[in-house]
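I'd like to ask some things about the structure below.
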Amino acid sequence: MTEQAAIRKQPSFREPTGKYTGILSWITSTDHKKIGLLYLYSIATFFIVGVLLGLAMKLELIAPGETIMKAQTYNQVFTLHGVIMIFLFIIPGIPASIGNFTLPLLIGAKDVSFPKINLLSWYLYVLGGLLALSTLLFGHGPADTGWTFYAPYSIKTGTNVTVAVLAAFVLGFSSILTGVNFLTTIHRMRCPGMSWFKMPLFPWSLYATAWIQVLATPIVGITLLMIVVERTLGVGFFDPAIGGDPILYQHLFWIYSHPAVYVMVLPAMGVVSEIIPVFVRKYIYGYKAIVVSGLAIAFVGYFVWGHHMFTSGMSDTARVVFSFITFLVAVPSGVKIFNWVATMYKGSIDLKPPLVYALSFIFLFMIGGLTGLVVGALATDIHVHATSFVVAHFHFTMFGGTGFAFLGAVHYWFPKIYGKIYNFKTAIIGWAILFVGFNLLYIPMFIMGIEGMPRRYYDYLPQFTNLNRLSTVGSWILATGLFIIFYNLVKGVRKGQPATDNIWNGKTLEWQTESPPSQENFETIPTVTEAPYNY
Amino acid sequence: MEEEKRHIVGLDKNTLIWIDLLILTFVTISVAQFNFRSVTVIIALLIASTKSYLVITNFMHLKFESRMLKLMVGIAGVIFILILIALFLDYSAR
Amino acid sequence: MFSGASNYVRSTDLAFTIIFGISLFLLVLITSIMIYFLIRYNRKRNPVATQVKSSNALEITWTLVPIILVMIMFYYGWTGFEPMRNVPKDAMEIKAIGRMWTWSFAYNNGKVSDKLYVPFGKPVKINLMSEDVIHSLYIPAFRIKEDAVPGKNNYLWFIPEHPGTYDVMCAEYCGMRHSYMITQVNVMPEDSFNIWLNAGASASASPVEQGYQLIKDNGCIGCHSTDGTKLVGPSFRGSFGVKKTVISAGKEHEITVDKDYIYKSIVDPNADIVKGFNLGIMPSFKNKISDQDIDKISDYIKSLVRPQ
Amino acid sequence: MEIEPSNHVHLTEHRDDEGQRMGMWIFLFTEVILFGGLFLVYAVYRNMHPVDFHEGSIKLNVVIGAINTIILLTSSYFVAMAVSSMQKGKVKQARTLLLLTILCAIIFLVNKFFEWQTKFHHGLFPGMEEFYKLSHGESLFFILYFFMTGLHGVHVIVGAVFIGFILRYIKKGKVNPVRYTLLENSGLYWHLVDIIWIFLFPLFYLII
């Protein structure tokens, strides 16, 4: 650790460069670090909108019948919630914000391969986000189709599906550009000496993710375009009245959207693989196994989409085969978990906030993933498909998994980004409340699902009242925790204690430069001689 | 371009490929005049694939690119074909 | 929680128990190890970490063992599912029609009902149809569910093994009143079932009463209330004889709701759209409701006077 | 950037031509998959309605299709030649070849325009009266035909504009015999447009 926080050798990247100052110097900058932060702030903004919608839904469900909104409003709320959370929060989430910031640092590069395209993708992101929100303002309001936009309902309804779908299309394009950029960067910009197997695991996970973004996203892009054409020109691709097949829409949608769930979770796994060795002070156990399992998840993940359609009337063969492949995907996820836990063995564990998040990721993701097996099995999925069991499953994976890892990533790289540090104690208190609230919110949903409460239900039968009420209370606790965490982070940015350059004693390259890094990242491009995580 | 020695494809080679492509176009049109049932589709697709192969390797210079890039093109192709097969798990067994 | 209401309950719950059991075991095991390490190798207790080399044998073990475990899970899921797709030859067939936002069940003898009635202990095959968007017939107590897709013939089948009444729901999101697309299945002894099945619309019922039965059975009340509240469509109460503004082919004009207009609204609903309502929501019932029956519906609507 | 030139690996300033090309290739993957989605739809519907697709295909004009195929193949040839010329330093020749490519693009589009127009006259455009008299499979065929060739047409336009920009860059000297990756990338894009047509042609015009 070098004591150099006081005198900087180079100005921080946060200083304006180019001809503009203030906010303009940010939104015209092609520096990956500034773009990463632009992403982080815009993602956080949309995320808060999504959370408020989530809380509103839970409030509505506190009792049967109408509580605070009408049925139609509820349907629009969960659609907007889903669209925001999926396309604006969790898919760009870790890669575009944290990934953008740290990827070049981690591989010892000055920037990504295509800095201008990087900035373009942020603009597309904002455009897509504004389009999605604009549906609130005109016509019959936001789409009411669910984030899946299933035909033919999405073609019949009078709400602003066209615009919502176009928003998703633009966002998909933004995601593709990020993917192209990361793939090229990882291939071409690694610093001297960093062979593939000397690359840290977070870049590896971004690499696998980028492949999914590049090869799967266009499918949903074209599918959504077909919906637009079908709605605006009255041309029926999926309209049974002219012989089209609504099930084909579902196939095309899930061909993208299942791989997309691994876009959501692989970077989170990368973050966890980064955090654990630092706080355990050990070389990560099974480095190669973790790399290979990540690639395996990405690859096999392409061929399991049918498990969302077990009750759609797909052929029986397809149901069985898709169920089979679904089970195979669980194995590499397990391999990662085993290796993380094994890393802790004989380590010297320092339970700082980032590690707390990493470990709670493991716990919550296990619950999410293992319940994924219940829905992956045919007989049980026939029963719990489209019930709140599924809702609980994906909240556990997406937000118990990716969400917690995201928070972990923010807490881990915070001192690198800002050169300051937040209060540890408040961070842990916020986490604890979040954790309790989270479980209270979603575990009742598992039970209700097994008892047969369908999802996307505005109103429910009286037997589900108690569990719904419990779940609503959980949502308030969780919101409290989230508030404390945000408050602590914002306070850290404004008046946190200065942090040294390498506050966690990390071995990866980003910790070997100043905090915050300078415009050029490194004074001289580093040369790597040993594997990462050599403690 | 210090570090790269780029292969230059000559006029004759390009022309040769072009003529091949025209011939294949002619072949595919003539074959389509006969009805061999589903075989026709396969022949048409085989010819189209051959044409693409010629374009990709020669006109697009994939031949002279790194092994890594060839591998990437291969992976993208394989994933698409596997998706097509998986989709037909449903449609061919309905 | 799990009553044996159908022939699938046992196998489905078995699959569930096995998957859940293995999962819970792994969850508890891994979490305990994690917590143990956390305490045992805490920095205070263990200031210096010992580096451990990765072991291929271990990697292979924890790849292979999970493969075996997931194959067990897959197997039970599969065997529980298999019978769901093999309908016995002697199954009684019922047509279930889903439309926004009601179910109707049509029996072979022409009887239509908004509730499902099935004989106890007999295999029943349900052919699923949809008139507008995708719905999904879900009977939680029977552990069965299948989508009703427009333009496609899906089916499900089951043997009810316990007399009683169970909830039937729509499990595929289908628009505004999706959560109200709920009805019941009544499992009754075979002889009472036959009596129910063969009872015609009671002759004594007046046309108005029959009209009410008709709008219930055909699912009109999913969209039209009979008490004056506006749902997706205009309420039937107080609409007869009233002047309304409608839009036909883009042009507004006035009509009076009478027998002809009601007939047209049912057979060709998109021709005149009542102002303030949306085009394309109401499906056409052409050839689905006979002309006499439409007359009865008209009579019924006429009988619904505006509340004072 | 003060890195010694000896340090050859990956990091020569803004110049990583191979990286630029790799980026383009990856972008092309996404284009292929974009059309790939439509090919999946095509495959499924053709599998459902083989006879109708044949009927529909008969209504298309093979001659126009064949001419367009030849035009696109030739334009691809021109672009490939343009790259070779540039590499050899024959800037002027490269420019001529690129101009010819754009010319081919225009002829292609004009052809397409007339082809679409005749379909229009026959009322075979989705939404027109005649269209509703078609069988299910045939209407799907024509919807796909218009959508796929339409999207392809958009790509032709984009490709031509891209090449137009390259012509300007050549004039300004931004693209030159030492530095021509942009030209190569525009070529890659153009070849992709060609490849997609190579598949569209038999699938729509030549079905038995």
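All chains are identified by letter, namely A, B, C and D, in their written order; residue positions are counted from 1 within each chain.
In this text, a contact is a pair of C-beta atoms (placed from the backbone, for glycine too) under 8 Å apart; a residue touches a chain by one contact, two chains touch by 3 or more.
Keep in mind it's a predicted model, so treat the numbers as computed, not measured.
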item: A-D compared against A-B, more contacting pairs; value: A-D
item: Computed distance of Cα centres, chain D from chain C, in Å; value: 46
item: Length of the line joining the C-alpha centres of chain A and chain B, rounded to whole Å; value: 37
item: Where chain D touches two or more other chains, by residue; value: 18, 22, 26, 29, 33, 36, 40, 44, 48
item: Shared interface positions of chain C, touching two or more other chains; value: none
item: Residues of chain A touching at least two other chains; value: 187, 215, 243-245, 247, 251, 255, 316
item: Pairwise touch network: line, ring, star, complete, or other; value: other
item: Interface residues, chain C side, partner chain A - complex; value: 1, 8, 11-12, 15-16, 19-20, 23, 26-27, 30-31, 33-34, 37-38, 41-43, 46-52, 54, 58-59, 62-63, 66-67, 70-71, 73-74, 76-81, 84-85, 132-134, 136, 138, 140-141, 143-147, 149-152, 154, 167, 169-180, 182, 278, 280-281
item: Footprint of chain B on chain D - complex, ascending; value: 5, 8, 12, 15, 17-18, 21-22, 25-26, 29, 32-33, 36, 39-40, 43-44, 47-48, 62, 66, 69-70, 73-74, 76-77, 79-81, 83-84, 87-88, 178-179, 184, 187-188, 191, 194-195, 198-199, 201-203, 206-208
item: Residue ranges of chain A touching chain B (in the complex, touch as defined); value: 187, 211, 215, 247, 251, 255, 299, 302-303, 305-306, 314-318, 321-322
item: Sites on chain B touched by chain A in the complex; value: 68, 75-76, 79-80, 82-83, 86-87, 89-94
item: Contact footprint of chain C on chain A as seen in their complex; value: 71-72, 75, 144-146, 150, 152-153, 156-158, 240-241, 243-247, 280-283, 285-289, 311-313, 316, 319-320, 323-324, 327-328, 330-331, 334-335, 337-339, 341-342, 344-351, 359, 362-363, 366-367, 370-371, 373-374, 376-383, 385-387, 450-452, 454-461, 535
